[in-house]
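I've put the structures underneath this note.
In the two complexes that follow, subunit A is the common piece, with subunit B as its partner first and subunit C second.
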Partner chain A sequence: MQKVIITTATPINAKSLASFKKALAQKLDQTIELELRVDPLVIGGSKVRIGSKVIDLTIAAKLAQIKKQLLKQL
Partner chain B sequence: MDIQLPQIIFQLVNFSVVLGALIYLLYKPVQKILDERAQRVAESLTEVERIEEESRKIEALKAKTKHEAEKQASTLLETAKKTASQRQQELIEQTKASLQADLKAAEARWKEEKAQLITDSKAQMVSAVIAVSQLLLGKKLDRKTDQKLINEGLKEALRQL
Partner chain C sequence: MPVTKNQSKKSLKKTVQATRPQSAKRVPAAKKTTPAHEVFELSSLLNQVKLTPTAESVGEVIAYSDGVVRATGLDEVQAGEIVEISGKKFGLALNLEATSVGIVVLGDPMGIEVGDLVTRTGRILSVGVSDSIIGRVVNSSGETLDGKGSLPVTTFMPLEKIAPGVMARQSVTVPLQTGIKAIDAMIPVGRGQRELIIGDRSTGKTAIGLGTMLNQHDQDVICVYVAIGQKRAAVAQTVKILEDRGAMAYSIIVSATASDSAAEQFLAPYTGLAIAEYFLQQGKDVLIIYDDLSKHAQAYREISLLLRRPSGREAYPGDVFYLHSRLLERACRLNEKHGGGSITALPIIETQANDVSAYIPTNVISITDGQIYLEADLFNAGMKPAINVGLSVSRVGSAAQVKAVKQVAGTMKLDLAQFRELQAFAQFSSDLDERTKKTLDRGTRVNGVLKQGWDDPMSVAEQVVVIFAAVNGLLDMVREDAVPAWEEAYVEYLHTSYQQLLDQIMTDQKFSDELNKKLTEAVQTFNDLHSELMIKKEE
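== the complex of A and B ==
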């Protein structure tokens, strides 16, 4: 069983969640245990953590990346 | 008036004896004393001349020594003035160099601080812009758009796994 944590600013609709769980289970060939977290600080988008791997596609992460790039250019 | 020859002879002899006694007993000692005195006076005069000569020599030496001392003092004074002037010039140059170095360092520090201040200001501005962006996006983002973003994110996550 593979535990997957998904963080979003607003709750994910059930249809999208089911579709994702199914696709992920097929890809990993494992049973998936989803943990859903709602955090308004991510603003929008989603952050998926699978084991030690994190795929952060939230607006907060993108803004942080933009900020880092801007500060680097100073 | 008759001339008594024996009486005259007697008187002459008597006078000669007295004269001889005077010469022998008085004139010669007095003469000797006078000669000795004249000798001493002459010696004293010689001594006085010698002393005067010595005195002139001493005065001349004194004057020469004084002149040389004044000359040496003048030379020393000139040397001292020259040395003091050179030292003063050196100190002025050193002070100028030190002040210029301090000024240069201060300018460098000021430029560095100015650059750091500008960088800090820009960083604060970036942080402010990001913070405002976060706030605006958080308020403007509707649920439908967020769901679209979530779906795209999940698809991308699947693609990356």
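== the complex of A and C ==
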């Protein structure tokens, strides 16, 4: 059993949820305990946490990444 | 009420008016003077930004107590890695266990909650350094504390680093002048040496360190003073003294006071050393003073107990020896191929009731290349610096001692030991033969010239001429209570009338027969001129 947390800015729609479930089932090959979180601070996109791994594809994370890299170039 | 309303409106108008012309001015000025390199092509910069999705390893805070966070997850975290707690606080992963990670919080732990996300940074501890750090007061993270603004950073130096290897080193050959007669004459310290200063509380340990720092004003040595677990008032006073005496021009202070967390106190010596190594890389000579390592060991014990590491003797963890040995092992004298710089370490240890066989003192004694042992009894008897000559040693410094000092002070240590023995014996008998009396008289004078104010360092030449006079019996006819006055007047007299002799000692670095003769004459002339300082002859 693997715990998965999906964080989005607005409640996730049924279609996306289904595709998430399908992708996770393919990748993990385990029963999944899914938790859905809503956090407006992520602005957009989604953040998937599987156990102690996080794949962060939210707008907030991208902005943070851009900020970091721009600061480095200055 | 209406009046105030009017007033506020008026003042609002005023401020608007006041700002308007300025802003109006600013715009055309900026258009004219903005240099080309300040204009950013934002889109091209943005094109270079890479946004690749990565799978990050994260964890979650499950417990917090006394500065230590326990977190789950963090699968790939490395030992000693910096982690970020909920994106605002930093911690140091010290304990990696099967199901959790023990993290020491750096800085203020307020606001940490159970469930906070812990992320890896992939960085190990380092401190940002540049040449302009000289004259500054910083904390263990390298942030400035002196209110003089932030520090420009050119290089990051790692806090933990393996000491320079055998092939990169050379033996100690250059003296580090402390300016303290008793030390330079009998317990000489060389550049690259590690000399422990050990003694009870308030016996003048810090004073020796600070005195040595003051004496480096013309020695081309950069000083780093690390204050660990001291009172803030004491650190403020130290900074003030160094500033007043102009010593901050070549010094850096790293401060982790008693009110800072144990983690900061634990890291402070390594920060100081990282700063010292920055200058070592440039081939410079650096002096670092750890004041003191007893408090450092205690801070580390606190961290270890909170992390639930097994405790050993005096509840210190098993690696408390390694804690200090890896620190002091990084003091070194590099060979020419590696820049020829050096780090001289003067660690300070505070003993309880003169007990040098306690755990931490024995550890540090065995790591260092000798110790300067200070005694409360001597201190109370007015012998300042209160150095116990018999128990103090320097294992490598004599190779670096200036030859002139070695020549005049060669037998001093032995003579003083004999004198102390006789002195103890002579307390019981009033009838002494002429020879014993003479030895005692001589010993008293030699002891007398070794007394010195801590903030009154002496140059090599001055030390040589004073010690020369004392060991050769030219002071025997000076009244016991007049020795300090004699010394002061004598040095001044030589500076005015015999400057060439002092210069000759500095250039030759050794003591010739000719110099011996000239100096003897000089002392005798001086003594004849100052009969008020001499013992009155019985007629």
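Quick notes on this one:
In the analysis below, the second predicted complex is superposed on the first by the 74 of 74 C-alpha atoms of A that agree within 3 Å, B and C clash if a C-alpha of one lies under 4 Å from a C-alpha of the other, contacts with A are read in each partner's own complex, and residues count from 1 in each chain.
Assume a contact is a pair of C-beta atoms (placed from the backbone, for glycine too) under 8 Å apart; a residue touches a chain by one contact, two chains touch by 3 or more.
This is a predicted model, so every value here is computed, not measured.
With the two structures aligned on subunit A, subunit B fits next to subunit C without clashing.
Contact with both subunit B and subunit C is seen for A:Ile55 once the two complexes are overlaid on the shared chain.
When the two structures are aligned on the shared chain, A:Leu70 is found in touch with subunit B and with subunit C. In the superposed model, the angle subtended at the C-alpha centre of subunit A by the C-alpha centres of subunit B and subunit C comes to 20 degrees, rounded to the nearest 10.
More residues of subunit A lie in touch with B than with the remaining chain of the pair subunit B and subunit C. In the superposition on chain A, A:Gly45 makes contact with subunit B only, not with subunit C.
In the overlay built on the shared chain, the residue A:Leu24 is in contact with subunit B alone; subunit C does not reach it. The gap separating subunit B from subunit C at its narrowest, counted between C-alpha atoms of the superposed chains, is 7 angstrom. Residue overlap on subunit A between the subunit B contacts of one complex and the subunit C contacts of the other covers 53, 55, 57, 66, 70.
The touching residues of subunit A, counted against subunit C in their complex, run 49, 51-57, 62, 65-66, 69-70, 73. Per the touch definition, subunit A reaches subunit B in the complex via residues 6, 8-10, 12-13, 16, 20, 23-24, 27-28, 40, 43-48, 50, 53, 55, 57-60, 63-64, 66-67, 70-71, 74.
On subunit C, the positions that touch subunit A within their shared complex are 45-46, 48-51, 53-59, 72-75.
In the complex of the two chains, the subunit B residues touching subunit A come out as 119, 122-123, 126-127, 130, 133-134, 137-138, 141, 143, 145-147, 149-154, 156-158, 160-161.
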